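Input: one structure, supplied below.
Labels run A, B, C and D following the written order; every chain starts at residue 1.
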Amino acid sequence: MSSTLGVLSDAERLFIVHGVQDDLRSDGRACEDYRHVQVETDVVSNTSGSARLRLGNTDILVGVKAEMGEPDPGRPKEGKLEFFVDCSANASPEFEGRGGEELAIEVSNALQRIFNSRSTLDLTALCIIPEGQCWVLYVDVLVLECGGNLFDAVSLAVKAALFNTRIPTVVVTADDEGQQEIELSDDPYDVKRLDVDNVPLIVTLSKIGHRHVVDASWEEELCSLARLTVGVTQKGTIAGLNKEGSGSLDPESIYEMIESGKKVGMVLNSRLKEALEKEENSKREKIGFLG
Amino acid sequence: MAGLEIISDQGYRIDGRRSSELRKVCARMGVFTQADGSAYIEQGNTKALATVYGPHEVRKGRGKIQHDRAVVNCQFSMATFSTGERKSRPKGDRRSQEMSMHLRQTFEAVIVTELFPRSQIDIYVQILQADGGNYCACVNAATLAVIDAGIPMKDYVCACTAGFIQDSPLLDISYVEESAGAPFLTVAMMPKSEQIVLLEMNSRLHADNMEKVLDLATQGCKDVFAVLDRHVRDHVSESHALMTAS
Amino acid sequence: MPTDSRRVPGPQDSRSPHWYGKHATRQEGDTRPDGRGDHDLRPVYLHAGVVSQATGSAYIEMGQTKVIAAVYGPREIARREEFTMKGRLCCELKFATFACRRRRQHIQDNQEKDGALIVLQALEPAVCLDRFPKSQVDVYITVLQDDGSALAAAITCAAAGLADAGVMMYDIVAGCSVRQCGERQLLDPSVGEELSQEGESAEDHGMVTVGLLPSLNQVSALTLDGHLQQQTAVQAVKTCIGGCQGIYPILKDCLVTSTRKKIPALDPKSSHASTEGQNGQT
Amino acid sequence: MAVHITLPESRKKSAAPDAPKHLVTPGDVITTDTGYMRGHGTYMDDDKLKASLAGVVERVNKLICVQPLKTRYNGEIGDVVVGRVTEVGQRRWRVDVNSRLDAVLMLSAVNLPGGELRRRSAEDELMMREYLVEGDLISAEVQAIFHDGALSLHTRSLKYGKLAQGLMVQVSPSLVKRRKTHFHNLPCGASVILGNNGYVWICPTVDDEKVESSGGYEQDLEPVPSTDREVIARLRNCILSLATHKLMLYDTSVLYAYEASRQYQVKDLLQPDIAEKVADDTRQRLQMESG
C-alpha cells in the first residue's frame, strides 16, 4: 500500500525523534527492544536446509542448497559459501524487474562481510577431495515482505537455515589406478550438520536524534541518517561492521553503538538458539504459509 | 523411459494417484498484511505465493496509462532454490517473461478493468517449490489473491494440466511425469462460464487424443475450482462472522 | 557509466600463477616488511587537478597503491526523476583490470559496488548537498594498483577531487585502514599484510577502514571485516582515526597548492609551474 | 532489552460459523430477475446479474451490491479521510488516500492561514509549498468524485487541515465503521481520527481553541510529554490488534480495547498472543453489551 511511498511529514519525524529521546518509541518499545520474531525451519522440502522468519512485518524465506563444485585454488581444502539475495516484487512493487537489485546486493554484501572470517563456519568440513571437489552451499535469500530492519531479519533467517542444513555424507574411494570416486550415501538420515555456533547475527543500530535504536521500523528508518550494521557472535565477538546511510557519526557514539550492538546481539543469538532447539525437540506439525 | 514406470500395472502413478486424480490442494488467503491481496497455494509439492497491489495510481511509466481501463501488470519469478537443481536467476529469463505475459493475458480477460480507468493492478507470483504445473499453481494462487484484494472479476480462473502417457490421459502432471517427455496440455479456464482463457501445448499429440486430454484438463480445472471456492467461502464467512460480531 | 558486457573476457579457466606460489610468511620482528613501525603510514603522494576534462580530479599514491578520481558536475538531473530539493552524489569505483594480482573483469563486481557505496556514504556527509537542488555530482574512481588500503585511498582521493572541483563541502574526508593480527595493529597495511593469514587463528583478526571528517571530528565511513573483540574493535577504530588525522595535513597542503595554482595572483612561483607534487612523509 | 523469538502457532480456527445468508463468489448468479439495479461488485451477463467479488449480497430497494471483505477505499461524498500529499502541482495537491487513484486537493479548497476566505492570488500559488509539501499528512473531507473515480477533497473547516505530531496506522477501510463523527477526543488522553479510508491518525489531545486561532495549518512542534506518548503507543497497538483480528473500529471498540490492554505493558501488545487476548476480550465485552 502507500507504505511504499516512503516519506514522512516533518511533524511525524519530530514525534519519532522525541520518542526515541524519551526511550519510548511509537509502538511502546524501548530503544533496545526487538519486535516479535517468529521462526520456522525446514519449510521448503527440496532444499538442504530452509527457514522462514518474520520480524514484525518483515518476512524472509531462506533456502540452502548443497551442490558439488570445485574449490577456489587459493583455498583448496575448503568448501564454499555463496549468497544470493532476491528482493521479490511480492515485498513491494518498487522491486519489480531490476528494482530490487541494488538493495539485494547491499544485503548480500552485508552477509558476505559477516561470513568473511574463517572462524565463522568451518569450511574445511565441506571439503570432499582437496583440490578436487567440495560442497558449495548456495544460501538463497528471498525477501517476501519489507517492514523495516531487513538486515537483521535476513541474518537471523540465514542462521536458522544453516542450522537446519543437512549435507549428505559422502565416501571417497580410490580404485587401483588411484582414481578417486565419490559415493553418496543412500540413507537419507546419514547426514552431516553444520556447526553454526560461531555464525554471527547482524544487529543494525540506527542513529535517531542523539540516541540509537535497534530493530527500527520502516518509519524509524526514514528518520535515521546513519546506521551501523554490526555482526555479533554468540560469544560477543564483533564479526563485521559497516556504517550505512548518508550521515556521519561522532566517534564516541560509535563506541556506544558497538557496545549495545554486542549486548543485544548476544541475547539475540541465544534466543534464536533456544527457539531452534525447541523446534527440533518438539514433534510439531510444520505450519509454513498455511498457518 | 527405461526403469521408471509412470503408471503401474495396477493403474497407479508414481505418487500413488489414479490417472484422473488431482494432487492435494491447500490454500490460504491473506498471507501478508502490507499488500492489498495475497494468497498461498500448495498443489502437491508445487508451492506458489501471489500478491496483488492495486488498483493504484500509475507511478512508474505514466505512458502506459489507459484512459478507459486499468493496466494489469504481472511478474512471474521462481525462487532460486525452488527447483531440484539450483536456478541461477529468479526472473528475467525467457521462460519467466513468457509466463508473465501469459499471466497478464489471463487476468486481463477476467478482471473487470473498465471499472478502474487510469490505474494499475500489479500481480506478482513467486514459485517457492517447483514440482510440475508451475503455471497452474500461479494462476490459482493469483486468482485467490485478486479475490482477497477485493478486485472485481467476472469469474474465477482455474488452471490445470493434463498429459498423455502410456496411451492414457493423466491429470495434474508432476515434475517426474513432465520430464518423462510425454505431451501435456495446460488449460486455464473460467469454470462457471466454462470458457477457456489459455490453452498451451508444446509437444506432439495425435489429434484423436486431443479431445480426451482436453476433457480431462477441463474437468481438472473444475475440480480445482471446487477446492478454491470452498476455501474462499470459508474464508469469507469466517471473516464476515468476526466483523459482524463487533 | 554504462558497462560494456560484450567485451571479450580473458579465458575463463586461466589462472594466475600467483595462486600456486608460496606466500611469503613474515618473519617475526618488530618491523614490517617495508621497515615501517606498526603505526606508521606509508609515504603519501597526493596531487589534485590531474584529469584536464574533469571538473575536478585527484591522484593519490600510498606506497604502491595508486588511485585516481575524477569529478564531473554539478549537472542537472533528468526531468523524469522525482523532484528533490537536495542534490545527488553518485559514485563509481572500479579496479583497473591489472590492479590486483589476479586479473579483474571489466564489469563492476559486487566488491566494487560495495566499495562504491562505502565511498559514497563517506563523502555524502561532507558535501553541502542542499546547495545543489535538482542537480547531480558524479565521482569516478579508478584503482590503478592495489597494494593495500585501496578503499581508504579511494576515500581520500575522491574527497580531494571533490574539493578540487569546487564542490561546496563542510569538511574534507580522509580515509585510513588498520589491519589487526592478534594483538598487533598495522596501520595502512600493504597488500601482503592484508592477505597474510597471520593471526587468523587468533581471536582478533580483521581489517578496519575509517573515513573521517577531521575538523568536525565525525566518522563518515566505517567498515570492519573479520572477528574482533569489542575493545579491540574500538581500539582499531581509534588507531584509524589517528591515521586519518595524519593524512589530513597532506590533504590540506595539496589542496592549498592546487588552489594557488589556479589563482596566479596568489602564486608567486606560478611562472615556474612546478609539477612537483606534495610528498608528505609521516 | 527485550527479544522474543518463538515458533509460529497455527491459527485458531473458530468453529465453522454459519455461512452468511447470501454469500457469493465471483461468477455466481445473484438473480435472473431483470428488475434490479446493478450496484458495486456485480455485472450483467446474458441478462443475469452476476457477482464479481467474494462477499455478502446487500439489497437496498432495487439496488444490489456485493460488499467485499477488504478492498481499496471507495470514496463517498462527505467521508472523512486522512491522506498523505504525494505531489505539489498547479493549483492543486495530489493526496494518497488508499484509493485507486490519488485524490486531489485544490488550492481553492483549503483554508489559507489566517482563516479568512478570500480569492486565491498568484502569490498563494507560489506559496503552496509553504502550506503542504510531499509527505505531509492532512485530514479532509471528500467533496466530489470525478468521472474517472478520483476524489476531490476539501479542508474548508477548522477541524480539517494539516496534521501535526502523532502517528498514522493503516487498516483496511472496510474495518472502519461509518459514524456521525470520526474525530474522537478519547477520555484516555489522546485524539483519534478514524479516516473512512482506513488511515487512522493518533495524536495528543487537540485543544480546540488553539486550532481555531491557527486555521489548521500551524503546527505545535513542542515535544510530546511521555505520558501522552505512552497513551498514543498503546492506542496504536490496540488498533492494530483489533484490525488483525477483524474487529470493526469505532470509538467504543477502540476504548474497550484500550481498557482491556491496561493490564499489559505497551510493548507486550506487540506479541501475537497478547494482541489476540486483547482483541478477544474487547469482542466479548462488545457482544455482552449489544445483547
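Going forward, contacts are C-beta pairs under 8 Å (C-beta built on N, C-alpha and C of every residue); 3 or more make two chains touch, one makes a residue touch a chain.
The shown structure was predicted, so the numbers you read here are calculated from the model rather than taken from an experiment.
Shared contact partners of subunit B and subunit D, listed by label, are A.
Relative to the whole-protein C-alpha centroid, the nearest chain centroid is that of A.
In this assembly, the C-alpha centroid of subunit B lies 52 Å from the C-alpha centroid of subunit C.
Separation between the centroids of subunit A and subunit C, computed from CA atoms only, is 29 Å. Averaging Cα coordinates per chain places subunit A and subunit B 31 Å apart. Shown for subunit D are the residues in touch with two or more other chains, namely 86, 96, 134. Among the residues of subunit A, those in touch with two or more other chains are 1, 3, 291. Multi-chain contact residues of subunit C (touching two or more other chains): none found.
Within the complex formed with subunit C, the residues of subunit A that make contact are 73-74, 105-106, 108-109, 112-113, 116-120, 226, 228, 233, 236-251, 254-255, 258-259, 262. On subunit D, the positions that touch subunit A within their shared complex are 1-11, 84, 86, 96, 98, 134-137, 163-168, 170, 219, 221, 223-224, 226, 229-230, 232-234, 236-237, 265-267, 269-272. Across the interface of their complex, subunit B is touched by residues 13-14, 16-20, 23, 25-28, 41, 43, 45, 50, 52-56, 68-72, 86, 96, 100-102, 148-150, 174-175, 244-248, 253, 282-283, 286-287 of subunit D. If you check the complex, the residues on subunit A that touch subunit D are 1-3, 5, 7-12, 14-16, 18-19, 21-22, 24-30, 32-40, 54, 56, 156, 219, 263-264, 267-268, 271-272, 274-275, 278-279, 284-285, 287, 291. Put simply, subunit B touches subunit A in their complex at residues 26, 28, 31-36, 38, 40, 42, 45, 47, 49-51, 53, 73, 75, 77, 79-86, 90, 92, 122, 124, 126, 128-129, 131.
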